[in-house]
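Each structure below is given as structure tokens.
In the two complexes that follow, subunit A is the common piece, with subunit B as its partner first and subunit C second.
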Partner chain A sequence: MSDAPVLTVDDLEVVYRTRDRVVTAVTDISIAIEAGRCLGLVGESGSGKSTIGAVVQGIIPDDGTATATGRVTLAGRDLTPVTDPVWPQVRGRDVTTVFQDPMRSLDPTMSIGSMLNRYTGSAAASIAALARVQIRDAATVLKKYPHQLSGGMRQRVMIALALARGPKLLVADEPTTALDVSVQAEVLNVLREASRDAGCAVLFVTHDLGVARHMCDEIAVMQNGRIVERGPADQIISDPHEPYTKRLMASRITLDTDRSRPVGAPEAAVVSSMEDVLKVQGREGGDVEDRWAASSLCWDDFRGETAAVGAATGDDAVRLVSHVTRASLTVNDVHKTYTSRVKGRKVHNHVLKGVGFEIGYREAVALVGESGSGKSTLLRIAGGIEDADSGAVDSQGVAGEGTQVIFQDAGASLTPWMTVEQLLVERVAHTRTGKDMTTGQMRDLAVRTLELVGLDATIMGARPAQLSGGQQQRVAIARAVVVPPSVLLCDEPTSALDVSVACSVLNLINLLRHSLGIAVMFVTHDLAAARLIADRVLVMTGGEIVETVPAERLAQDITTDYGRRLVDAVLA
Partner chain B sequence: MLVFALKRTGALIVVLFFLTATVFVLGKVGNADPVRTYVGVNASAEAVAEAREELGLNNPVYVQFADFVGGLFQGDLGISLATKRHISDDLASALPATLELAFMAIGMSIVIGVLLSSLYTRPGRIGSALRFVFFSLASAPSFLIAMLSVLIFYKWLDGALPAAGRSSYGPYDDGTGFYVLDGLLHGSLTYSGDALAHLVLPAFAASIGPGVALARVLADGITSSMKSPWARTARSLGESEGTVLRRHALRNASSPALSLLAVQAGMMVSALVVVEQVFSWNGLGSYLKTAIGVGDFPAIAAICLILGAFYVILNALVDVVLAAVDPRVRLS
Partner chain C sequence: MLFSRKRALARAEAGAVGTLRDGFWDALGKAEKASLIGVGVVIVVSLLGPVVWPYSAIIPSGEQLLPPLSGGHILGTDTLGMDMMARLLSGMQRSLMAAVVVTTIAAIFGSFIGVMAGFRGGAVDTVLMRVTDLFLAFPATIIAMAVAAALGQSIWSAMAGITVVWWPLYARLVRGEVRRVVALPHVQAAKVSGVTGWRLLVKHVTPAVTPTIAVTASLDIGAVIMTLAGLSFIGLGTPAPAPELGRMASDGMKYFLNAWWISVLPSLAIGLLSFLFNYAGDALRVGLRRKGV
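The block that comes next holds the complex of A and B.
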């Protein structure tokens, strides 16, 4: 194999034209990848990284809305101009792609075998292809359909498909973003080893610097359509020069992240008075650190309140004691069994086997566990979405407004035809707080809440589809806290978001918890996020809580096998 | 797959049983006195009593029901009060006539659906013109289409297509009643072709509505399938648009289309009752019309049973086909 790069891109510029706007997606892009090497394109949504991925696959829309100029050479073939009709022969042979969403990237009606055999030529070759992506039970997997496989397995199948015909270049477009953190590392290893064995070059598109470091030889950091910094992966990670790269690094959450201040904030800001708090909280989002400091003040307030319990007398003491000592959520010996029929026989799936725990006033507890451990069922039961077979759940707490849930897929949890205002006002109207309020008052409350979650009141008229993923999650959170619940239940609220957006949402949840005085139950696979949000981390396996660890000492104190595995899965 | 089909068949039998029971009960609580219809208004009291005994109406209800079900199993649908003949004999020619027409109409609606769906997915002037024409046709009741097509193809185009009856030659004595099939069995393509030509206009009239509905569902399915992540995967693996459509999109889009087809086909048979009148088609429709006219309840019940069974069996069949097409149905 020659040393000439498999892919070279010189001076690429892509411009999108819409009816009223011209947007330059990327400009001045020059990259080269040699066989067997991996180049990471790292950037956030809108940085143009996916556009480059699309160009080298030749799938820039050909309808006059996009123009690309520059020079693309793939495997010695000059593909200039980039919309050249030669692409259909190149795509699928010289270049293939692994996409982000393994749940939907495989045709649901076709068996793995019928998909794979088409590109490998025979069942035997398919078995070998599956073995290369470390699928042991290949013969069985060939007979299965996508919906019968886990996300990690599907993504391995996707990699096997992409490598089946020995491409020169593999484009990996956020291949592990949609996967559980615990399988992310495995799939990355599979991808790296299989592509090295195949000797193909990899263009790895991701928003996650940690993933890029794990995977890539070289990293190019992108911002606003340009490459702002590039170099060997280790150097970019350990010694970033550009402020943007530093900021990206700072928004990565690991098990060493400082829990005392907001993630991604360069330094702690000083906010000294309650007036500052109000000023900061009334402002549109962005200054995370100010808002954080503001919430810390409220937090200090609460500490003062706790201290006052000892000093207070009479009715005050009773009120304060009941405030501070009563648990916000009590789960007592909850059992849940699902019964299904498999081949005519009843199968009992004992999902929860006597789970009990408490979440104190303003406490945050994270619940971690693998898929099927029962943690999501527990969350649904705590949220009143499902009933327990036996046992008791009390979520009335002090505030008396019960629980509210925010989900992973915020877009799907917001009613598509309702405006943000209608979504919030509807929630208020259904609570005790809202009973005596006029529409105008409810609207004011909605505006204030939007500001609290860092959104501008101008989006009141927008519908969910018009919002970005981060904005949707903020609206979902606003709806949950517009009337503060006793407990905010969070079901993997950040796993579908960009790193910096995810980290601002985590900051927001922390902020709300302190400033509104609500307890939080946070269900996740991501130990780093759990550690950041929670005071205590509960580890669940097989329908039981097997371990409770203080968040501060998570990495050291966690002992169970599964817990250790989660610790290892956090890419440093 | 076999297990799924067996299960579905089991459910089918249960539904058919309830259908039978319902028809039976309706017959019992109905106003019409079967004996009067049988012997005539002026019959003597003895004749009435005799007829009552003969019709088994003196037996307990459960025995009557058992007789009714037992008869069904032997292909005996009871005795027509109007013709005094076994209903099954009466239907021996009417049922194949209607079924042949129904199958042809279902086939045509599939053809219309598939062809039209490609027009829906491909925008263009001719496409939208044809869409408009078909949409207008679909919004007209089937008897109007029937009369229009008689006017155009029979009257104005001077008999380009036959517009009355099932055949220019008459039935074979030992035939199955399905004329196209009979022609093939007897090696006469002329006979089959003639029967087919007779089928075209009535089948077209009955198939326009279901065909257009099918086209819309199929087109929606194909459009969203072509935009799906797995279609993108197929393209990234080097498949052409045509291959993505044939290999992936059609199959994924066919599930909702098949479900719709089952419902539409079931209703189509009812629509045929009207269409048959226009084309002098001696099928169930004509028989039903006579039966309703004279209050011949056993005949009406028999036809209800047949139409109901047709609908239920068709749906069961489609469920099995759906399971074959979509592994998520059969493996979940």
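The block that comes next holds the complex of A and C.
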């Protein structure tokens, strides 16, 4: 590109000082973006990508806790990062932002029109601005308030607002992470085209390589505050050079991911036992190389191992046979309606309209659908958190103890003031298995389970806040399986996690399923993850199951319009 | 008095406290630290003061109506020649102890009602909350006056009157908090793990609520001191010569023009106490700022 770049950052280093330590957030960062181009900053949480986004918007607090060195040139102006007095004039004019959650960043008390007109000057100009983000019914939308719009519409409005002031640079910080997958691609297209038309440079911050490839001309991959690899988007995706980028790519789950082996495993590596896998997988801070190498053991090996265990004693064999013939979870014609009052009138929201299915012994079934499809309500009913209006849920079939739930936000699902040990022991004490056990035995069981999910026994005394996101999810899983349930219900257990952690959690669920012989019901909006975990995929929409597809042939066999939309939404 | 009750409710709804965090002291600003130290000093002084101070609070010990800093009486004497300093110290001690007792009883009883209502829900909730509403429906001062008047002139009846109007605040606050906490994921997760009943309540719910109660209670001590002083001011406390700050302030009004200190000093003492406790309550809230819940 011959144009001078809109944004250049040279030798940026940002250091945060807290009371007791000094953290270098980013170091040695040099980037440049030309008008109309898009640079993607891709990395996991803690990689420093958002810090760079904040620096170029001048929104890092200059209260002395952060110090920055280096140079930022924005639209021809030389700016000292963080402390330059010119930032308030630049921010919101030359550089604008699209945030992750439009509901939080739009003023709930203002109509779309009154927000937009301030920048565009007239209603007609506002309608044109909305047309640019492909909102057709612009005149109506102008009269609405943020809460009256869908998530995808809100984010479009956010983009229109950000572009309305004619910025030179647009910073998009995970703009589609909070949206349903099926609208994610549309919003990305809108953002790309609208910013290209406006001749505006885009700094796109994301954790998702697929999204970045869809959106960006150029990608910079970040790790531990440094840019480890950069290049044209297609080259980074198709031919990554750096090991870290390769691993990020390997831990991406698509509809072509090999289901027979753990995700993220390089082809060549070989590891000999289940223990090795678990030990290494649990060490999140540890050497990434080891972690990935360890994942390479095939699922089939575990299937073999568990089959051997199952055949061990006559008693077990008998029990096994009787189990296999019965379903682990039977859901029969479940209805659920929520009633609320709007302006004095009762409004019925029919969330589940007669849902019925079975999960067989040791079978894994995924329930996919958008928010509002009723999938989470169904999981809560199956988990006994809510009651159905009519219909029956039965999970008494097998040896395990009913159902256990793994929640999306593992951190919030662990009682903050209880230690890992207390949480696990409490669970054991409230099961049939735990009735005759002494406290010592329960603690031993807890330790063994922690090791099973790849955690060290030393975290027994830790409270949830002291653990990383991945560790919290592992503890939540450990609590759920410390006494194996007959069905493990998973409610989007990975959507809040970094890709590499998410994929190790998926591997863990798969592994536990095979090694403990439990059935899994996996609720998600991510078709690729569903395909990886499940044997069968149930597609839900509007409170009904519209389709059942074998996971093996998901992309080919799915027939409903809605199902196809979900398939298309998985960004390759 | 009513004003402070409203404020307490507003604070309750804002509900911004959580579990105890490490480095409580470090989280505080200078003014907040000063207020906590101030409260400490006031407590020590009002507990030890009456014991150490050479003059009695209820026996005349000098000339009548001596102005401050004269005749060996640092704050002067009142109409009967009783030492003002001794009376103030005893008055503060009485106020403080009465306020702590009232707040503690109101907090414990009200929280119990609130926990029951919020945790059990359904009919229990409806009945308990309607009863609470009944108490809140009457003007608090009027009920307190009625109770205090019915029980006769003594500090105990004033305390009883205030307790009767104070507990419903805690019932409401705690019910709301419990309902919020019960809907949190960790409580649902605990239910899924098979935890029910008392254990669920005690282990998974109440620890999230207790800091809120503690902070509200410490903020309330200041308000209770004011209310007690108010009742005593209109003649519902123990009659003179008992050293009650409100009574002293009202009795001194008659002599305001020629002996201002008799009414102004007790008023200042009331103001100081309630100001300090209010500020210290805020400091406590900052220190216990929510963490996770």
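Please note the rule applied: the second predicted complex is superposed on the first by the 469 of 572 C-alpha atoms of A that agree within 3 Å, B and C clash if a C-alpha of one lies under 4 Å from a C-alpha of the other, contacts with A are read in each partner's own complex, and residues count from 1 in each chain.
By our rule, a contact is a pair of C-beta atoms (placed from the backbone, for glycine too) under 8 Å apart; a residue touches a chain by one contact, two chains touch by 3 or more.
Since the structure is predicted, the reported quantities are computational estimates derived from the model, not experimental observations.
Enquirer: May I ask you to decide whether A:R21 touches subunit B, subunit C, both, or neither, giving the answer as first, second, both or neither?
Expert: Neither partner.
Enquirer: Can A:Y119 be said to touch subunit B (first), subunit C (second), both, or neither?
Expert: first
Enquirer: Counting only touches as set out at the top, which of subunit B and subunit C does A:H430 meet: first, second, both, neither?
Expert: Touch partner of A:H430: subunit C, not subunit B.
Enquirer: Is A:H348 touching the first partner subunit B, the second partner subunit C, both, or neither of them?
Expert: Touch partners of A:H348: none, neither subunit B nor subunit C.
Enquirer: Applying the touch criterion given at the start, work out whether A:R136 contacts subunit B, subunit C, both or neither, answering first, second, both or neither.
Expert: A:R136: touches no partner chain.
Enquirer: Quick check for you: in the superposed arrangement, does A:D409 touch first (subunit B), second (subunit C), both or neither?
Expert: second
Enquirer: So in the superposed three-chain picture, is A:A476 touching just subunit B, just subunit C, both, or none of them (first/second/both/neither)?
Expert: Only subunit C; A:A476 stays clear of subunit B.
Enquirer: Taking the two structures together, which residues of subunit A meet both subunit B and subunit C?
Expert: Correct list for subunit A: none, the interfaces share no residue.
Enquirer: Where on subunit B is subunit A touching in the complex?
Expert: Against subunit A, the touching part of subunit B is residues 3, 228-230, 232-240, 248, 251-252, 325-328, 331-332.
Enquirer: So in the complex, which bits of subunit A are touching subunit B?
Expert: Subunit A residues touching subunit B: 57, 59, 88-89, 91-93, 96-97, 99, 101, 104-111, 119, 145, 147-148, 158, 161-162, 165, 343.
Enquirer: Within their complex, state which residues of subunit A touch subunit C.
Expert: Per the stated touch rule, the residues are 19, 383-385, 403-405, 407, 409, 411-418, 426-427, 430-431, 464-465, 476, 479.
Enquirer: Can you list the residues on subunit C that touch subunit A in the complex?
Expert: 19, 26, 184-195, 203-204, 207-208, 291-293
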